[in-house]
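Next come two complexes, and both contain chain A; in the first it sits with chain B, in the second with chain C.
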Partner chain A sequence: MDWIRKRLGLSAPGWLPFWVIFPALLVIAAIQLYPTLYTIILSLQQIEPGTGQFVFVGSRNFERLFGSIAFTRSLVHTAIFLLGYVAITLGASFAIALLLRQRLRLTPLYITLIFVPWIISDVVAGAVWRLFVVPDYGLFSPFFANPALFGEPNGISILTSVPPNQLSPRVPLPPAPALLFLIVASTWKILPFTTLLILGALQTVSPEVQESAKIDGASNWQLLLRIILPLIKPMLAVTLFYLLLGGINGVGMVFSLTGGGPGTSTEVISYLLYSIGFSKLDFGLAGALSVFIAVLNFGLIALTLKLSAAYEEQ
Partner chain B sequence: MLRYRQVLSMLVLLSLLLMLSACTAPVAPGAPAPSASDTAAPVVTWYYYDQDNTDPEANERVGNFYLAETIPQFNEEFVGQYRWVNVPRDYNLVLDLVAAVQNNGDVPDIMRTGTADLPTFLLNNTVQDITDYVTNAPWYADLDPKAVEACTGPDGKLYCVPVSESPYLVYFWTDLYPEGFPKTTDAFLAKAAELKADENFALTYWGSTAFDGEGAGRYYYQVISSFGGSYDDGQGNMRLNTPENVAAVEFMREIVANGYSPEAAFVGNFEEEASFKDGLAGAFPTGFYIGYQYLNPLKSPTGQEFNTVSAQDMEDAVNTGVMGLAPIFAPEGATPGCHMDVFGFVIPNGAKNVEGAKAYIDWIMQQERAVQWVLRAGGGVPVASSVREDPAFQTDIFKQGAAALEASDCKPWYGSLTRIAEAKKLITETMFNLLKGNPDADIAAALAATEAEYNSNN
Partner chain C sequence: MKNNKQLRSWVFNGVLIGICFVVFFPILSTLLLSIKEPEDVRRNPPILLPCDTESRAIDLRHCRFSLDGYSRVLLLRPNPNSFFGQSVTGRLFTQYLPNTLFYATFAALITTLLAGLAAYGLSRFRFQGRRLLLTSLLALSGVPLLTMLLALYQMNVRMRQLIPGYEERLFMVVVYVGFELPFAIWVVKGFFDTIPVELEEAAKIDGASPLSALVRIVAPLAAPGLVSIFLLTYVNVWNEFIANYLLLGRSELRGAMYGIYEYISQSLSAYNALAAACILVILPVIVIFLFTRQAFFRSMLEGAIKG
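Moving on to the complex of A and B:
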């Protein structure tokens, strides 16, 4: 920075740093701050029927949102999805990363191959997984239609079966097979990325530390739990953070794989937002839901930051 | 010599100006730059067709080529006065128009639309009242009153110009229905049992909740209206829990429970069509225009193939007698019901060239122009009786479509409901749950709960 100051004839920092970042600030304001503020304003307004004018309605949109069956139902779907998606992805990524760390003969090839799902777009991946289970001709459809495995009379059809005796419209439990299938497909899609994140972290664990632990009599299990996991905890926190945010906000896979169906069985919160905003054109209600999702996201960010800070203090 | 600080300030100012310029009204894509001598006022249209897309395999190729051919014709006829500028849009043009009007953005002077979008436009005050213009136009008296009614708002004013109409009817394979499609529900069930014994499905239909409940106006409404039911009370309230609607749902449950329709009927994303196109299902209730335009290629139950992958396939199948069109079944003594799409034009609020828009409509409503528009840009059968008599609409498929329309009592499925996006989603979710999700659920209770949910926001 010194040479810049000298070249510009500025003896003190003055306004230069501000001017340098000013264009970027303008861009951020235009594409992030303004839409955010506008969404908050929108969440407090509603279109007056017939005039098309937005009128201030206070918290009415939030009351409508929290009182609607669709909202609580989508929250339950989102919670189930996140639980399965995060748990399976973290577990599988960790297991695969441990395997890849063994430096097998074809490890580079395996890493390359495992990365393939990551480069496919969500929409394409969803469409492909959908084709696997379309009734009549889907590759896996005969498997799921087997009554011996999945119950009389015709097994299950992933894209059309709904458990008949769910708790209530607001609490759609047990979940439909489509929601579980969505978890599997979404996991498959994200697995390469999270695996590489964890593999990278594993490779930073010093071999000397591990050898020392072994010399001191640690079993493989103890090595994993007491040495490796604590050392890669920051990366696990980042991965968890990434999965949670991606899981809450992602809509591409839902859109192309199930379209929220069968019925409303896979209508997660992000899909509900799309539906309210772009299908019903209920911009006020969509604004309220956006604000809710933003708060949810900020809460998760705060939680992750707190966890990271707590770890650093340790 | 400029100092570095000045240069830096200029760069910052330049970037600021660039950003501000990005916020100004964009030049309409597809709009040709006017020549110095061309002082004609632009008439801006929105279609989901693109006159510059010359791909012969494009999904909307028919409409694309229509625009490419007719835009120069219009411009030649109105040289020095009007210049047709089409802005190609994607399928979200209804949302785009509502948002553009609300935000005082760039709106077209005229837009092709269907009357199913009219309640949304009226709710959001998106389109202009054009009653005086339409009722005084020379072509007004020739229009089908049902289509005019579909363009009429609850206040009795006209908000669109109807050009074509597409009733919902049944396409059926004559291989499986050699004596025609059954007229009554009892006859249909008897025939369906026969077909099932031969391992054929009697029919497939849009049973899913896909596309935010598009199914509400299709098979579900066809059956419900044939049973004398409806979705509203005529006063803007949803009314589902009626004896007619309950009877219709019971009937549809019987079809599902007996396996007369394929599982794919509930999948969505057009999977429901596949078994009909492959000849595995004998019939498919859908819109006349949809079947004609999009159901291809075809393979009949006896293996005859029609695979030009265009509307020609359906036309050939009907002309050779392999495919037929009919009204949907109804209980003994009842008139078949159906939803009717009406396609035409709206003039949005904020349109800059309203007179140009009217000139455009008058131009389209001329006999030859209307024929071309209906065949290539609108879909369905003409609303104007004189246009319907044109030789282009005397083929078997159009004759059968018109006959089905005559034999049915067709009206917009949404009736007096105004929040139709919300209504269609609620209705299809309920129907799906009653037929597929929870086939033992109390029909009346489920219908009552749905209408209560909708009406609570009235």
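Moving on to the complex of A and C:
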């Protein structure tokens, strides 16, 4: 009997599972695990000005980071960005998904059309929205240059106008119009994806449940709030975490739309990492910021995994 | 009652068409900008349709279009040796798009191959630490590249110094593969799980080894899944900018997204050229998407449901 088992290769697989999985794991370890460890070590070091050698400095990079104006400022920018990005995206994609759920004859066409922005890269999306507001010649530039709408213009375009009367350098409130514009452009880019996720969740809500709720006299609003929303809550949570992760780490659109400007008014933490690490070449400080962002990421991912495990148990 | 239903459907259709228009408007206006004449590009106040005459705001018989933007991107120069007597000298076509083609093709091929093998192992064999491995892969599939760029940059610089004949393009491909793999493995494993094991067992009783069962039985059945992960990886790499820009030291190695960024950072006033470059760069992925959209939706939802 033993030779049959061996031939089947199922109960006595030997080294085969190892060899088919190993190559992939090797690449993942080289590209994801090793850099993570290296970044942690980097964050505890600094280049010594005289010798150009890395020396161990303990937590000094983190102290420098948390004490800097640029860091606090970029955190506030990121928070404002995430707030607008998540709220508008979730609200709009839920509304559009509800519309797409009505099985109209043209629904597949609508889905395909609405999905196109997702397939476009963030750099091109940023460029496309930048073209709307380039000084003087952008299609929306007369709108943003209108003093009746945006107060006395102190620049010729939202790409150049600096927000007046901010609270302090550390607390850049109210936000610059460019940051709000970045929210709109980012939402446009991600909306198709989140809409489809929510639409997928909506389609798992069984028609019987909805019918019986209607027979029991539930209004449309009650049906939506009491039946549908609780049922798709797991997917909404997944979408929320996905948006937060993408919002914290997405940087391509900042590059092409505003370049962090005007001034520093769209410098979110991902862009700050670029400007510290790759244009000021302060590797230790950038390492500390990388670790900070990575901790945020892992926290979000762990929370998502925990939530989905909890839902699977139910 | 019937009328009411019909009215509802009209309203829904109307709203959805409106949404489609709003969603499409940025692309549409970019397309229009790319075919405007230079004089219409520099109009203040700006116009959407270059179709106005002195008497009317829009007169469709008098629309002025030109390929000026595209010719600025292509930069055709006379070349007696070329078949058409002209050759393209714009860097987007001579450098950036070929580079992107290289990165996307090889990264997608290698990712699909490695993910297929690993997913087979994870789907068909039970071994110690399998659950832990699966959970770690799922966690890693959410990790963005951003925080690893600093270390990868140092890694690249170090290897460039140490290894003679070091090829940075290959490093870039490996980075993309390592980054796309965790998600790809999850998606492909999902596809493999739906294929009944009995088919392979029958083949193995007939004397096939597990690997040949994978190649001859599982892979053909999972072909739609493998194709969809290939396409998704291809488009992801095609669109990737930040790693490409920051990791590669020389601009002649960088891809098409850097080409777009270069146009912007040079802040040229030929906006029709920037628009034309955008259209040319997104055209391939939009065409791929329109012809294979089922494949996209499949692997996207597969990944999303797991994650």
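Assume the second predicted complex is superposed on the first by the 278 of 314 C-alpha atoms of A that agree within 3 Å, B and C clash if a C-alpha of one lies under 4 Å from a C-alpha of the other, contacts with A are read in each partner's own complex, and residues count from 1 in each chain.
Note that contacts are C-beta pairs under 8 Å (C-beta built on N, C-alpha and C of every residue); 3 or more make two chains touch, one makes a residue touch a chain.
Given the structure is predicted, the values throughout are model-derived calculations rather than measurements.
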item: Partners on chain A (chain B, chain C) - clash or fit; value: clash
item: First, second, both or neither for A:Val171, with chain B first and chain C second; value: neither
item: Partner chain(s) touched by A:Leu99 [first = chain B, second = chain C, both, neither]; value: second
item: Contacts of A:Gly50 with chain B and chain C, given as first, second, both or neither; value: first
item: Contacts of A:Val162 with chain B and chain C, given as first, second, both or neither; value: first
item: Touched partner set for A:Ser275, first chain B, second chain C, both or neither; value: first
item: Broader residue contact with chain A after superposition on the shared chain, chain B or chain C; value: C
item: Contacts of A:Pro23 with chain B and chain C, given as first, second, both or neither; value: both
item: Chain B versus chain C as contact partner of A:Gly259, first or second or both or neither; value: both
item: First, second, both or neither for A:Ala79, with chain B first and chain C second; value: neither
item: Chain B versus chain C as contact partner of A:Asp136, first or second or both or neither; value: both
item: Residue range of chain C overlapping chain B upon superposition on chain A, of 55-63, 109-117, 163-171 or 199-207; value: 163-171
item: Chain B and chain C contact sites that coincide on chain A, given as residue numbers; value: 7-10, 23, 27, 30, 130, 134, 136, 259, 278
item: Residues on chain A engaged by chain C in the complex (per definition of touch); value: 4, 7-10, 13, 16-18, 20-21, 23-25, 27-28, 30-32, 34-36, 38-39, 42, 96, 99-100, 102, 104, 106-107, 110, 112-117, 119-125, 127-132, 134, 136-139, 141-142, 188, 191-193, 196-197, 200, 238, 242, 245-246, 249, 251-252, 255-256, 259, 270, 273-274, 277-278, 283, 286-287, 290-291, 293-294, 297-298, 300-302, 304-305, 308
item: Residues of chain B touching chain A in the complex; value: 3-5, 8-9, 12, 15-16, 19, 23, 92, 95, 98, 101-102, 120, 122-126, 208-212, 262-264, 266-269, 271, 274-275, 349, 418-419, 421-422, 425, 429, 432-433, 436-440, 453, 457
item: Chain B-facing residues of chain A, complex; value: 7-10, 19, 22-23, 26-27, 30, 47, 49-54, 64, 69, 130, 134-136, 157, 159-160, 162, 164-165, 259-264, 275, 278-282
item: Parts of chain C lying in touch with chain A, wherever the complex brings them together; value: 9, 12-13, 15-17, 19-20, 23-24, 26-27, 29-30, 33, 41-46, 48, 114-115, 117-118, 120-122, 124-125, 127, 133, 135, 137-140, 142-155, 174-175, 177-179, 181-182, 185, 201, 204-205, 207, 209-211, 235, 238-242, 245-246, 257, 260-261, 263-265, 269, 271, 274-275, 278, 281-282, 285-286, 289-290, 293, 296-297, 300-301, 304-305, 307
